[in-house]
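Across the two complexes that follow, chain A remains constant while its partner is chain B and subsequently chain C.
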Partner chain A sequence: MISLVLRRGALSLVTLFLLASFIFFATEVLPGDALDVSLSADEIAMMPPEVLARRRAELGLDRPILERYTSFLGGLLRFDLGRTIITRAPVADIVAMPLRNSVALAGLTLLLALPVALAIAMAAAQAKGRLLDNAVSGAAIIGYSIPEFVTGLLLIAVFAVWWPLFPATITASTDDPLSVLLAAAPLAVATTIIGSIAYLGRILRVGLIEVMAADFVERLHLSGIPRWRILWLHALPAAMIPGLSAAALYAASLVSGVVVVELVFAYPGIGAELVRAVTRREVHVVQAIALAAAVCVVLFNLAADLGIVALDPRTRRS
Partner chain B sequence: MRWGWMRREVAVADPVLQVCDLSIAWCGPDGRANRVVDGVSFDLAAGGTLGIAGESGSGKSTLARALLGHCRAGSAITSGSIRLDGDDLAALSEPELARRRGRLMAMVPQNPLASLTFHMPVGRQLEEVLRWRAGLSASAARLRAVELFGQMGLPEPERLARRYPHQLSGGQRQRVVLACAIACDPLLLVLDEPTTALDKTTEAQVLDLIRRLRAARQGAMVIVTHDLNVVADICDRVLVMQHGRIVEQGAVGTVFAAPREAYTRVLLGAALRVEEASRASCASRTAPGPALLEIAGLGFRYARPSLLRRAPLGPPILDNIGLTLARGEVLGVIGESGSGKTTLGGIVTGLLAGQAGEVRFDGAGLPGLAARRTREQRRRIQMVFQDPLSSLNPRRRVGDAVMRPLRLFHGLDQREAARRAAALFEDLGLESALLSRFPRQLSGGQQQRVAIARAFAAEPDLLICDEITSALDASVQAQVLDHLAAMQRRQGTAMLLITHDLSVVWRMARRVAVMQGGRILETGQTEAIFRNPANPYTAALLGAATRAARAGQPELVDTKG
Partner chain C sequence: MTALLRRPAALLGLLLVATHLVVAISAPWIAPFAPTSLLDAPLEPPNATYWLGTDDLGRDAFSRLLWGGRVAMLVAFAAGAVAVLGGALLGLFAAHRRGSFDDVLMRLVEMKLAVPTILFVAIFVTGFGQSVPVLIVAVGIIQMMGVVRTTRAAGIVLMEQGYVRAAQLNGESGATIILRELLPNVADLMAVEFALRASSALLLVSALSFLGLGISPPTPDWGLMVEDGMALLESEPALVLAPALCIATLVLGINLAAEGLSDALGLDAARGGGG
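Here is the complex of A and B:
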């Protein structure tokens, strides 16, 4: 069991190393270097070659690729993500708070969406094929397929414009405590939650329906075991297993993929920061955010894998 | 004495269970009701054991579930009554049924592994029944569970209770499921195919346990099975079902000795009778020809999955196998699941490659994997698989499946290939109109004959048949085997007949090899080995396979007195 956890952890580290390497080569090496990317074609044309060369030397871009690669990896180990090209500010400082905010938004979303999705899935699975189930399934498909900017704008129109309960955009700043920030962002949270409930509810419902048709459920039913016990103690853990991996990927995408929600509500998260970095061509910041997203995917996957091991004894090979 | 329980009075004086004119229908997607149980009536007395026999699709499992008042979603009881202990189960509401299930009537389901919750230790699953159905406290349930496991003959019950279903053997799982079913000492115990998933040695032990449980209890038992040997072994009455109806019912001895109905005779016809002359030995055969297939010292292990290239090998699946097969000879390979017989077939066909030993074919060394064999070698060795449906491409017409080897190996043009395919179909008793059908449009027996036609289209010298009849019902098996035997004799093809069904070997093969745990225990003439098995394992296999035939013998059923 412990060796299994260690093995999965080691595998995650290998994955992260490969991802970091990929991000480095994709952003720095492939077409042009960081300076080329951060400057526009006009700027490069205007600059005298010796100024360009000096800037390259300052940024260390004149060093051989392998040397830059090792210093990039070495920096990662010390959580040193380099400095921005224009303002020379440490990238880690720029990325840290938005990342915290995005993780908090994703975490709160999951915390609120999971129990609701679970309850809906259980109710729908119990009423399979009947009106309630059809209504829930239909609503889930709609909720899942409506883009988040539509949901977000709709919520703003209803709860901020027609019926001004909440602010349309977030007034809290990036470095505010989380409680202040999240309290100021009820509509942003609601938008992500609606999509999450639809998505997670669908996955859990399918898993539950499959499990409720399993032989062991029939045996329990024929032993006269109460329905609620079958559902909660036997079927639910079994139904969670196939849903966990999908839920993990979804959670990771929440951290890195709520760009739209962050922009609609001006939520100071990592997605908004990414958009800013891309428009300013800050290669190191893009790198750092890509890495943070990768870490999230790997971590959530690891958590899902360990969750599956905890739920399914068949995966515990000694 | 073993057959003593059959002395019990057969006429049902005071029935525990009375099923009267019961019909169950499935509602099809087109809205048409499809009766799977049709007007079934029978009685069962306390202490009695009823066997419900029939082929797949005869409605026997649906009937078994109905005895607990349960119909799967989409089906319903349309008429009749099931009286158990005074109540009509067909008329009770779901909560009323739930109160009785487990306590009054209990079920041992078909597949013990799938029927146990995989993420819960088996002890807790038994405790759950004891707490919620027998009303014991948590601590009392824990003690009683261990006690029950002990009574089921499970080793180290305390430790075993903490294990998960997948960590138990097939026989142990069956005992756990049995313990759950008898935990509240029900009046009626329904066992659905209780031995189908087990090998013969374990089957004997589980049947022994069921027999002991019956002796200790006063309840009635219903055993649903397709295996007449199990019925002969343990039931005192038998009920034969076909297409949802009862074809014949009566005392086991009477029905097996003198079946009144043609269908019962067909089912019993598949029973192994070693005292009669084997058909394979009757078929006139000249002296065995030169050796076609020679296997010496063959060993096989699976590689353990690993990131490293030099992965350690798993336990031996085949160990020092030696066999010879002459031209035109039929050799039966028998053994239970896990004996390595299918692996052996896979190595000869080139699906797997052995790590040790040598396989020679027609005097020359045979490369391991099919990809490294010559086209001519691949043509000369053909295979027929267990499941015809999954071995035929569902998107191609069966005629194309048969024509492909004709064009590939013999270079025939489309017209000539179609003509040969039609001739092969005729040889196997298939109408040529079926050539343009898709596999799913054929019955199981027809599908398997198409697969045989495809194999013979290559005009092979050696045909490997791996459990080719085990997916088929008894009545269809005979037909398929007869056609196969005729083809084999006509073309003079040597055959390796891999099966767990001893009656198939008795019917088809003059020589037999008995396998267990990856080794060959004995090889010899089928008649000699089946009549006087030297090896105790072979004797056990034969004992289990000949029970149905023995139950029909007069000296054994003469017990009414």
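Here is the complex of A and C:
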């Protein structure tokens, strides 16, 4: 058991190392260096070559690529994400609070969406092939065909413009306590939850239907135990396993969804920071946001994996 | 095909996709105005001349709507093709070769699962600039990883089949086995994957355009139109709702067709496309 946990942990570390390398090489190496991409062609043409060379040296861009790569990795080990190119501000300071806000939004979404998705999936699985099940499947396919920004705008149109119950955009600021921030963002939370329920509900329904077709369910059925009882007491715990792996797989999509929803509602999270950083070509900020998101997803996956191991004795063998 | 047409949901999906395709292809002929021309009549409400009104720059929203799916669909279908062809070849090669190539590839697939798609493209756009080819390659590579997984799994099952064994004993080369024995047998899977990948690519491209990281203005694009019109939601809701509806119906159409196709072929499509 302990060796299994250690092995999963080590694999996550390998994944993170590969990710960090990928992020570094994709952003810094291939087409010129960070200075080229942060300045426009005109600006570079205007600058005297010696000024350009001095700025390169300041930023450490004149060093060979492998040296920069090792110092990038070394910085990561010390939780040093570098400084921005233009203002020389520490990247960690820029990313920290927005990251906290985004993680809170994603966490609250999962916390609220999982039980609802599970309840819907159970109702659908119990009525497999009948009207309710078909309605749920239809709603789910519509739900995940609509992009988050469209759902968000529809909610704004209905609940902020035509029937002004909530504010359209969020007025809370980046450093507000999470309770204030999340309370100011009911429509943003609703948007991410709707997408999550559509995705998770669909996968959980399939998981439950698969479990309900298993031999042990057949046996319980033959012993005269009613179907709802089998579903609640026997199939549900077994379906938690596909549920957990669905949630783990969903984590990365959830982050993408959160990024978009944040921009719709002006929620102060990594989404706005990311767009600002990409358009200004702040390479280090993009790297930091990508890494931070990847670390969250990998950690969440690890937790879900270990949860599955704890629930499912079969995974402990071998 | 007849099995596909007998399913009402799949038929509806095909109709939606066909309608969008026909409109996108014929946009240059049927659009009443050029999509980028400034008509000197900004923020007209919908009327007989400007069916959906005009935007803040005075461009005809209906014409932009007709044009607005072209680039997004081009990127989505091209990325879907890149993903399916590249993914199937890689996945089948891994299934045939196994060993360390397979291990490394699976690590890469898992690594991709940890990077949210929008961030993945953002990294590419930061490094390579914002252009349609960069979008196709970046979106194609992300979508490819899922295809690698499913085709590899199918390939491993096929490798155990008698005819593949026979081909191996015949001394056929690896390339021949992959292209002649394995590839034709995953064609069904590839068709379904193509539809699923194209639909999630389309969602991704629209979201990127909405964020300002995808298709660049002044190209008429639904995601960009939604972004532009957002501030005018109260006074001119059609500017936002019409392109939003177009994206949703096109993605829904592809998803319904994909689901019907995989049902008809007896495949398991109950996997999320993953946005």
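To be clear about the criterion, the second predicted complex is superposed on the first by the 308 of 318 C-alpha atoms of A that agree within 3 Å, B and C clash if a C-alpha of one lies under 4 Å from a C-alpha of the other, contacts with A are read in each partner's own complex, and residues count from 1 in each chain.
Assume a residue touches a chain if its C-beta (ideal position, glycine included) is under 8 Å from a C-beta of that chain, and two chains touch if they have at least 3 such contacts.
Please read all numbers here as calculations on a predicted model, not as lab measurements.
S.K.: Are chain B and chain C a fit on chain A, or do they clash, once the structures share the same frame?
M.R.: fit
S.K.: Contacts for A:M46 in the overlay, against chain B (first) and chain C (second): which applies, first, second, both or neither?
M.R.: Neither partner.
S.K.: Tell me which partner A:L311 touches in the superposition: chain B (first), chain C (second), both or neither.
M.R.: It touches chain B, and chain C stays clear.
S.K.: Contact-wise, after the overlay, does A:L73 reach chain B, chain C, both or neither (first, second, both, neither)?
M.R.: It touches nothing on chain B or chain C.
S.K.: May I ask you to decide whether A:L6 touches chain B, chain C, both, or neither, giving the answer as first, second, both or neither?
M.R.: A:L6 contacts neither chain B nor chain C.
S.K.: Could you figure out whether chain B or chain C reaches more residues of chain A?
M.R.: Tallying touched residues of chain A, the top partner is C.
S.K.: Does the superposition put A:F216 against chain B (first), chain C (second), both, or neither?
M.R.: first
S.K.: Answer with first, second, both or neither: which of chain B and chain C does A:L111 touch in the superposed model?
M.R.: Touch partners of A:L111: none, neither chain B nor chain C.
S.K.: After superposing the two complexes, find the smallest distance in angstrom between C-alpha atoms of chain B and C-alpha atoms of chain C.
M.R.: 5
S.K.: Overlap of the chain B and chain C footprints on chain A, residue-wise?
M.R.: none
S.K.: Mind pulling up the chain A residues that touch chain B in the complex?
M.R.: Interface residues on chain A, with respect to chain B: 214-216, 218-226, 229, 233-234, 237-238, 311-314.
S.K.: Give the list of chain C residues in touch with chain A in this complex.
M.R.: Interface residues on the chain C side: 9, 107-108, 110-111, 113-120, 122-129, 199, 203-204, 206-207, 210-213, 223, 226, 230, 233-234, 237, 240-241, 244, 247-248, 251-252, 255-256, 259, 270-275.
S.K.: Under the touch definition given earlier, write down the residues of chain B that touch chain A in their complex.
M.R.: Within the complex, chain B contacts chain A at residues 65, 68, 70, 72, 98-103, 106-107, 109-111, 114-120, 128-129, 132-133, 164, 166-167, 177, 180-181.
S.K.: If you look only at chain A, which of its residues touch chain C in the complex?
M.R.: Touch residues, chain A against chain C: 14-16, 18-19, 22-23, 26-28, 30-31, 37, 138, 141-142, 144-150, 153-154, 156-157, 161, 168, 195, 199, 202-203, 206, 246, 249-250, 252-253, 255-257, 259-260, 263-264, 271, 274-275, 277-279, 281, 283, 286, 289-290, 293-294, 297-298, 301.
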